[in-house]
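All remarks here apply to the structure that follows.
Naming follows writing order (A, B, C, D, E and F), and every chain is counted from residue 1.
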Amino acid sequence: MRLAYLVPAPISLSMGTDEVERRRAVLRGLAGPGTTLDLVEAAEGPASIESALEEYLSVPGAAREVERLEAEGYDGAVLGCAGDPGLDALREVAERLVIVGPGEASFLMASTLGRRFAVLTPAESTVGPTYDQVHRSGLRDRLAGVRSVEIPVLAMRDDRRATLARVEQAARRALDEDGADVLVLGCMSLAFLRADVELAEATGVPVVNPLLAAVKFLEALVSAGLHHSKRAFPRPPKLAHGAGVASLLLRTGA
Amino acid sequence: MRLAYLVPAPISLSMGTDEVERRRAVLRGLAGPGTTLDLVEAAEGPASIESALEEYLSVPGAAREVERLEAEGYDGAVLGCAGDPGLDALREVAERLVIVGPGEASFLMASTLGRRFAVLTPAESTVGPTYDQVHRSGLRDRLAGVRSVEIPVLAMRDDRRATLARVEQAARRALDEDGADVLVLGCMSLAFLRADVELAEATGVPVVNPLLAAVKFLEALVSAGLHHSKRAFPRPPKLAHGAGVASLLLRTGA
Amino acid sequence: MRLAYLVPAPISLSMGTDEVERRRAVLRGLAGPGTTLDLVEAAEGPASIESALEEYLSVPGAAREVERLEAEGYDGAVLGCAGDPGLDALREVAERLVIVGPGEASFLMASTLGRRFAVLTPAESTVGPTYDQVHRSGLRDRLAGVRSVEIPVLAMRDDRRATLARVEQAARRALDEDGADVLVLGCMSLAFLRADVELAEATGVPVVNPLLAAVKFLEALVSAGLHHSKRAFPRPPKLAHGAGVASLLLRTGA
Amino acid sequence: MRLAYLVPAPISLSMGTDEVERRRAVLRGLAGPGTTLDLVEAAEGPASIESALEEYLSVPGAAREVERLEAEGYDGAVLGCAGDPGLDALREVAERLVIVGPGEASFLMASTLGRRFAVLTPAESTVGPTYDQVHRSGLRDRLAGVRSVEIPVLAMRDDRRATLARVEQAARRALDEDGADVLVLGCMSLAFLRADVELAEATGVPVVNPLLAAVKFLEALVSAGLHHSKRAFPRPPKLAHGAGVASLLLRTGA
Amino acid sequence: MRLAYLVPAPISLSMGTDEVERRRAVLRGLAGPGTTLDLVEAAEGPASIESALEEYLSVPGAAREVERLEAEGYDGAVLGCAGDPGLDALREVAERLVIVGPGEASFLMASTLGRRFAVLTPAESTVGPTYDQVHRSGLRDRLAGVRSVEIPVLAMRDDRRATLARVEQAARRALDEDGADVLVLGCMSLAFLRADVELAEATGVPVVNPLLAAVKFLEALVSAGLHHSKRAFPRPPKLAHGAGVASLLLRTGA
Amino acid sequence: MRLAYLVPAPISLSMGTDEVERRRAVLRGLAGPGTTLDLVEAAEGPASIESALEEYLSVPGAAREVERLEAEGYDGAVLGCAGDPGLDALREVAERLVIVGPGEASFLMASTLGRRFAVLTPAESTVGPTYDQVHRSGLRDRLAGVRSVEIPVLAMRDDRRATLARVEQAARRALDEDGADVLVLGCMSLAFLRADVELAEATGVPVVNPLLAAVKFLEALVSAGLHHSKRAFPRPPKLAHGAGVASLLLRTGA
């Protein structure tokens, strides 16, 4: 099975190719037997996603990339952002390609591992949008709460140890004050740091890593032969006769 | 008070300047005493919005326009699409500008005019997203149902009479089968056609026109001196030091 | 447009005509251009409303006043109590008159200004009924919490400064402990004190004043040409042939 | 135990004393061993309750009657209207008297007899308020639907047979189209006609008679030694020092 | 009326016949005039119920006992466990026998005594299942919270005073932190200790004892002539022709 | 990875060893590379599961089998019944073994393939329990409806073609009347018949087969290194010191 990890921005420009290579290696380690999992970058997108605005800005580039992945025969793609920006739109574009959001996949897995899960997000400003995201997934009755780690996404890699300490602090509040019994990492940078390993050990509860959750959930859907419902996510009418996503945008003066 | 009706695409290119002028005239007729209401077009956006994908594609251009409106001292803006695309992102960009979505404003007004309202959407493919939109507004317990009119948006103006007949047909099902007691037009083209007038007469129930609802709701918010909560819609961190929306996008090869 | 602020009790008897005149002046300052806004008092009602019982006791007098306002050609009325007592009954009585409740109008406006709003009520005993009221409005998913100011309504005017201090204290708990991002004053006495101005400044979040919210929301509905659905609020059958509200009551002996 | 069936209006004036005597006899037949169950009429109230307005108009008279019943040492009272008007206010007035609403008691019993119950109401105009009433009871997830019998309350006694036929017709739709497995009579006139007996036989599902449900539920609460929570239904502050309900009303010109 | 208190295990073996006799005496004191209330023990079941597993293990024995009670002409049975294990299955087995669960009966009564009730459970491990149980009852909107008493069920009788102190402690948190206005004892051992009496006195709010609630609610259903809906709880097809519950189990090697 | 398909009854006795061998072969075809998937039968359980009662009766045998699987070093088990009977209890017993219910796994997968899914159940009597099951999964907002196929489970294999015709009929109603956009087979016999293949072709929407869904979801959880939360599903206290499930049952005389 041929899968892609689709980063909705040219992060080689912002994070550097070293970090992108490191992430490629992590991804290679995750793919199951018989699966290839390529990191691909959209040609256009925000440097990082820390607001609703940047979520929207990431969609046009990702949609064009979905078009390309489908043309090249990929079976599925993981959207490379824990906020799952534009998942419905990307599924409209795809005809056969199965697209999984790390947030949604994590919530679905977390819901069956316990009774009530909590999500740990990078910043106070992403707490509200994360509540909205869980509501969209249909699982709000299973949400214990959302807690902020309060570390800038870019600073996370600099001091892994300090990051883990902050994550554990937020986790303790989720467990003790919100009554959570499962934890979800709500950020792909924490996911690539594999913060789940130490956190599960420290807290004794399962910790869902959105990267693993999404890759494994995608493998499950593809190997079960399932595709998104085109009744739910119909192809945009203007794309009917071979027109591409890029053709949908009008521009003045340009 | 100085308000804008912000169309999230250069529709002069797609609909022609005659239709845009006609709409300008309609808008001038709606503004209350002491209010100016200008139609403004984003420099970039989809020809029309008939899918989730096109909703997302409309946001980058609209966000830049919000930036400009605020710089020019506008008090408020109505987003010119019944699906309210990117409302949260636009509110993040704005510091003082109040931004109203026609869908949300209509649902809020409809909720107080009766017990359960129905929304009439252009096509079967917009039924699902409209349910999602009502859920986002928090008012799903007040929703009787969503019914599709089944007319392409572009064909609506061609035969006003046929359009009204289809709208009334959908309305009857909403009233008789779904138990609605208030109707909402879920499409700006129906709004500019003023389909609400005949429909209210034919059915005997209130019909909310999203254009009127949004303009009047916006006037209400602005004259009450209210602004969006920056705690709920914080300014994206990367825009902190005078950077503009356009600076957020990275592009390869550029 | 001709509007009334309908106090559901003869408060000139309880509060004195000076305070009533002061409130008339406040109201005159709120009306938009082309709007008259008269304070009218029902001939019968409770001295003040601090319990569910007093809410019910206010309805018979208010219903008769609605009858009179409609006969005199008023376009709309704001019900003068933040608890919105008997809103459904008053809408049954009215044929064309649009009636807005300050509580409901505030919740609707608050819901669009942020993600989750909190209501500040006068006393612990009104906390429960306020939860019920938000549920009736359909917006319980957007409610962060209800916090009590713990000042007797009658004492509020005596020491404006002390009142504001208590209001701010309750507001801080709503923001810090309940996660609210918008505040609503749940009391008309706080509204006439204009406690919203200082509170918005102190907290940095929008504060909805139910008096402004109701008047502006009513102006919006009337200028949009909307009326309540008689399918939702049908005229009571016994009032069909010209009978008035007063004729509905049987009395033994008396 | 000493119980009252409190009719919130002087129905001897509207229905005649013969019908009232007939109802007294029915009530005597319902009381369990050791229980007295008296029919009492409020001194003021609407001839019958067919609208939200009349529900409110019934509360002031009922509240004064609750005061009297408590003074006379009654243990509990059934409110004599299936819409449960003013239940919260009456519970505020009572110190020890337990007050049961026939609607609420029926919904609670119905919820344990099956999975989803339907309510049969007299008229189309009471369908909406009945949905609201079930929501207030907290049991909306257990409601299959509300169906209207479409017979004026006053005409029900005239032709018992025709009435039962209409009731059965509505019941069939509730069972076949709404998926109900338990039925509730939503009207005290149907209750006093004992329409439940034939309906249960005809349909094969349990039919809750609100009169029986309320009397038996009240006996259960009283014999379990339970009272309403004064934390939930606090005594109105103005009634603190021996003042009665009647003292709460101000009147101009009086 | 002939009622049984059905203990879903042979507790004479685990608790001793003295304690069973003491419980028989308590039950005799609860039955209303004209009611007999026998304690019966299933021939098979867990020593006590402190986990979901033990709830399931209690059902086969209880189902066979229901069969016997119905054959002997009983009118109703209270299931002797506050978790209501297998209530739906037992109602499938019964043709006429009315079966009440102490948990469900308590929640239904509590819901009408206030606005929001809290449940006090024996251990932290029963908190989650109790949330689930309230959700199943349909009343989750009326639940303030679940608080654990943290005493092993078997130790409760040893030191009644210490037990009451722990119960009161948990109750205070439910009232002060969760905003409850009614309390429910979530454990039959607390019920047989009559912990409700002192707790109601100490806290000033109603305390629902599941034993009293269930017995009185069952008396109410039976004397109202109501039975469970066989449409909701159909007889298992394999039991159609006189086959008994015991015949449903296949065993290898047997 | 070593997985089991745990049938909660000795179905070799009821279905015959031929059918069991056929199912073993189907299972072998489903396991991914590196996975073994054994069919194991509990030593005790009902011949088939067509009622809530039989669901409960299946749990004791399944719990003992879980104990054995864990002792033998299995990594995970699929519970072999679409109703997921006793899933919480089995997870209490397991220390490391991951247990997936086919119903829950199907609902979780279906929720991400579209907006609203429908479940097709064997009989009218399983419609109600299936609604309950979806509610327990937390996904009721995503459920379009439950439709019954109306074929006895045992008759399904006899005429595959007739069965498929009935399944398609039920599916059409779910799509046309309930607005579903994804279908779920709610029965393991339909799953082993692979009714999903033709149904997906005939209807054009994705059809989730609970057997594939469960196996693939289990592989995903195990390969992601996740386990159930012991905070949510604590080990029953009486099993703490090496005691086994069988020790929990007391029996009189016999």
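Quick note on the criterion: a residue touches a chain if its C-beta (ideal position, glycine included) is under 8 Å from a C-beta of that chain, and two chains touch if they have at least 3 such contacts.
Note that the structure is predicted; figures quoted are calculated from it, not measured.
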* Interface residue identity across copies subunit B, subunit C - same or different by half -> same
* To do: Name whichever of C-D and C-E has more C-beta pairs touching across its two chains.
  => C-D
* Structure fact -> Note, CA centroid farthest from subunit F's centroid sits on chain C
* Among the listed pairs C-D, D-E or A-C, choose the one whose interface is a repeat of E-F, with over half of the contact pairs the same by residue number. => C-D
* Any idea how many Å lie between the Cα centroids of subunit A and subunit B? -> 29
* Asked: So how far apart, in whole Å, are subunit A and subunit E when each is placed at the average of its C-alpha atoms?
  -> 45
* Asked: Any idea how many Å lie between the Cα centroids of subunit B and subunit E?
  -> 54
* Structure fact -> Where subunit E touches two or more other chains simultaneously, the residues are 115-116, 128, 132, 135, 181, 232-233
* To do: Using the touch definition up top, name the residues of subunit B that touch subunit F in the complex.
  => 127-128, 131-132
* Asked: Given the complex with subunit C, which residues does subunit B contribute to the contact?
  -> 32-34, 100, 104-105, 108-109, 111-116, 137-139, 141-142, 175, 181-182, 204-206, 208-209, 212-213, 216-217, 219-221, 223-233
* Touching subunit F in the complex: which residues of subunit E? -> 9-10, 12-14, 41, 43-47, 50-57, 59-60, 63, 86, 88-89, 92-93, 125, 128-129, 132, 135-136, 152, 232-234, 236-238, 245, 248-253
* Asked: Where on subunit C does subunit A make contact in their complex?
  -> 115-116, 179, 181
